[in-house]
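Below you'll find the structure, written out as structure tokens, and then a few comments.
Naming follows writing order (A, B, C and D), and every chain is counted from residue 1.
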Amino acid sequence: MQSIHTNTGVTNTAILLIYCQDKQGILASVTEFLNENHGNIIYLDQHVDHEEGLFYMRVEWELDKFAIPREKISDYFETLIARKFGIKFALHFSDKKPRMALFVSKMSHCLFDILSRYIGGDWETEIPLIISNHETLRPIAARFGIDFHLIQKNEKNKADQEQLELDLLNEYAIDFVVLARYMQVLSDQFVSNYPNRIINIHHSFLPAFAGAKPYHAAHQRGVKIIGATSHYVTADLDAGPIIAQDVVRISHIDSVESLVRKGRDLEKIVLSEAVYKHLQRKILVYNNRTVVFN
Amino acid sequence: MQSIHTNTGVTNTAILLIYCQDKQGILASVTEFLNENHGNIIYLDQHVDHEEGLFYMRVEWELDKFAIPREKISDYFETLIARKFGIKFALHFSDKKPRMALFVSKMSHCLFDILSRYIGGDWETEIPLIISNHETLRPIAARFGIDFHLIQKNEKNKADQEQLELDLLNEYAIDFVVLARYMQVLSDQFVSNYPNRIINIHHSFLPAFAGAKPYHAAHQRGVKIIGATSHYVTADLDAGPIIAQDVVRISHIDSVESLVRKGRDLEKIVLSEAVYKHLQRKILVYNNRTVVFN
Amino acid sequence: MQSIHTNTGVTNTAILLIYCQDKQGILASVTEFLNENHGNIIYLDQHVDHEEGLFYMRVEWELDKFAIPREKISDYFETLIARKFGIKFALHFSDKKPRMALFVSKMSHCLFDILSRYIGGDWETEIPLIISNHETLRPIAARFGIDFHLIQKNEKNKADQEQLELDLLNEYAIDFVVLARYMQVLSDQFVSNYPNRIINIHHSFLPAFAGAKPYHAAHQRGVKIIGATSHYVTADLDAGPIIAQDVVRISHIDSVESLVRKGRDLEKIVLSEAVYKHLQRKILVYNNRTVVFN
Amino acid sequence: MQSIHTNTGVTNTAILLIYCQDKQGILASVTEFLNENHGNIIYLDQHVDHEEGLFYMRVEWELDKFAIPREKISDYFETLIARKFGIKFALHFSDKKPRMALFVSKMSHCLFDILSRYIGGDWETEIPLIISNHETLRPIAARFGIDFHLIQKNEKNKADQEQLELDLLNEYAIDFVVLARYMQVLSDQFVSNYPNRIINIHHSFLPAFAGAKPYHAAHQRGVKIIGATSHYVTADLDAGPIIAQDVVRISHIDSVESLVRKGRDLEKIVLSEAVYKHLQRKILVYNNRTVVFN
């Protein structure tokens, strides 16, 4: 099922994410480089972390009058600017839509929320693949015309099954993976294939209540606010760089069941916010933390 | 498309919504009435508005051992309790699923959010009918197997077309209507057929920015927070009893376009919250205000 | 310095906090007991925790026409109602102002917030005593005309110094203690003298970042929201029953210093909210959790 | 009463607030101007409003090695940069503490909150003057050692009394005025003397419930969230540029009285946030809107 809306007439842009030790002149040099080559800047945000002495920047400019051909931008920037300041950078193009794979289990709320944005035309992405360890959500995938693969794992076959998953990701040319309440722990080996490219939603306000059954734990502890956390997956469970969090007030009236109900809304909104920021190339990761540009 | 989940083994309950002048003994009388007749109370919330001298109550009890047959409860309660205290009440049964009709235009986010909860089995409702003034969302209705009727109105044919809508609502035995960003004003005549049974979502923090283009108005005014408001529709535009509201912080960085994007999440969550409360029979309306029980 | 405002003409009330196994008829029995004896109920809230099978209630009624003399209410209620249902209860009178002692260190924001509400006449309390381990805030105590005692502790003299504190609390007839960023851990022995009567503010969203330097830990972890938590002090550090929590959004832009600044507003509001609820006798503690009535 | 804390060892900085039509090269030119003259930039934030084609910027740099003497910076920047791009700018120095006058009536919560931050050393400001139309808060001013002037107005003497106020503001060398729940409308003539330098707190979520008795109006309308708004005062009542807003959830349970109580916390936090941003020179006003830098 294709998007019911189409975007037309949007100018292609280049996006540069920059990260280096803070030094005088970086900002001026980068903006001059773009100005001199007729790159019309439509977004610029930068930040200096004075505690760590680090400079971060996201700049986006229009390609249509830019003097440097797009395939050479990376090379020119590396040679003319990056080397001088010791800059690490990533270059993206707005007309390259990242391809997403969804990993799901039985719960549908995050899946639906993502698909509704996809079909609604809110996101610049392609979603060709859904992988699950249960059949439950296959009918939904079918309604949306997205390939659905059942891959069930147990302790014994986990490595083999993950290899099947990696093969599928490769076959479908997937750029990043979204765990939409997948409820399975991926191996370090799997994760290492997609560094900062696997987004998970954890149904608690991390670092509180990491691990299993966070709503039960929250209820047991008697907190007055619950939360949800989206983060990049790393080798350490629920300990990767946090992208987005949100919370909702609860009270003694709430049972575990009502926490689960209220939490669903948090989970889907917080996960989709993280995916949106990832698609916009607005996330930069360092020291297991994120810079999320506005 | 049926729900992918099923609820089983749930006991049927009766729900009583009560509203009257506050007097001594109402609460004791109502709870005694239920206790004496072996009605196991599973929910009770009440409130006294001391400014207006009014008493409100919602009580829910299990029917299986209740001594009074369900078809006679209303009569008995009227005779034995309500008359004595001048109580106005509404009686509902949990096994009677309210039937919802959705009115939509071109935007899909609220529609999707409602359908995802419906299909996900979160709500006790039936949604047999979608009415729209545009063809845009027909494919989505089709995917979910819900009847979709195009009814286009102009100034000249509005009365006739609304009659068609009322006929459809009647034909489908609709209990209440949800305007999921319908973008059309219903006539007083239409509204009078469904008092406190038409739920609208307005994309502002009412009473600020009632009427058209609230995000433009919010941006123009330079507010630092935007909101969304769900309310029952009355004859006065955007002035009906408010059911739920939520807000999100914005800043000078936000364009009208980004307000629209951020607002979508508010709108769908706030509308669905109102629908959920309506389905739970937790809303009581008086003096153009709502009591929304927890 | 006395309050700049005075409350006059307020009727004295009795407040009953109730807690027992849920059984049929408790609510009706309690309200009848009050109605029959001409106790005009001005507040009633109750809740059943169906997971634990527990019933909670707070009811407040006017004393002026109540048939039972205030000194006999407890006895009558115990005999006529409580025994029948196995109710545990606490009885309070609105004209008995709880006496508060403040424990402070160097930071003034929570102290000021509490004193401003006290002087502003917002709270029904007396604050005759401030204890500190530093001289820093003595001038503020002096300005407000409140006795200030310096009691410095080290590992060696802790038990003796705490005994001095207990003597002071006794001498000043203190009902409950508020740790307004006191930054010292009280011994179990001390705490056991004031069960559910010592309120602390912890500068994190507990259970995340318990212990020392939570803002540093939050910054290090890269969370997107920080919080503050008020709770009753128990033998376990930062693990007592939570009374109130609040949060504020942060981003990669925030340094530890700005977290500290933003956190101050959270801390003072969350602590004062807890004190207010305590003064209103709206908190009921069980299983290391709180019921906080509206 | 002086601050109980002192800041030492802080380097003096210059702060430039910039505002102009967006053109290529502004950002590079400004940062180069500072870099070339050895101005170590410690803060830079900029934004382009693409809808209006406007560029905004706040940059702050250390003065100690800056090549241009502070008294000549404005002239040099005007000549070398501002003319070229048509930039409007304001230049501030961090060691020049703005002097604040407080206008109050009878309510103490905003006054206390501001004084507690002042005394606590959180703010770089001087507060030598409090003006009120009531005697109520004179004792508090006395406790804090701040001059208090009673200036009572009626319809007849308003112009004369405002002239007295203006004379006092002049005498005390006041830079900006904070209306801490002053409850009086200032004349256009008065306001015109302090453009974007009078900060008011309105006890509603503007533009909803402008004018008198907003909590009564909010209760009457049955909103589910209330708010507070700080803004610069202009000739139009409650219609000046909004600086900060915050909200809190309410329900049918809340009486007007409890809205007033909950609103007090909003009011003081939102007003103090606006004052803080003003003191930090982080607010830029255009088209009756504010840019509030982080």
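Following the convention adopted for this analysis, contacts are C-beta pairs under 8 Å (C-beta built on N, C-alpha and C of every residue); 3 or more make two chains touch, one makes a residue touch a chain.
All figures in this text were calculated on a predicted structure; none of them were measured in a lab.
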Worksheet item: Hey, which chain ends up farthest from subunit D, C-alpha centres compared?
Response: B
Worksheet item: Residue numbers at the subunit A-subunit B interface: does the shared fraction exceed half, giving same, or fall under half, giving different?
Response: same
Discussion item. Between subunit B and subunit D, what distance separates the C-alpha centroids? Give it in angstrom.
Written reply: 42
Worksheet entry | Distance between the centres, which are taken as Cα means, of subunit D and subunit A, whole angstrom | 38
Worksheet item: Which residue numbers or ranges of subunit B touch two or more of the other chains?
Response: 50, 251, 253
Discussion item. Considering only the defined contacts, which subunit C positions touch subunit A in the complex?
Written reply: 47, 49-51, 56, 205-209, 221-225, 227, 241-247, 251-253, 255-256, 287-292
Response to the item:
Counting only contacts in the complex, subunit C reaches subunit D at residues 1, 4, 107-109, 112-113, 115-117, 119-120, 122, 136-137, 139-140, 143-144, 251, 253, 261, 264-265, 269, 272, 294
Discussion item. For a test of understanding, state which residues of subunit C touch subunit B in their complex under the given definition.
Written reply: 24-25, 27-28, 31-32, 35, 40-42, 44, 46, 48, 50, 249
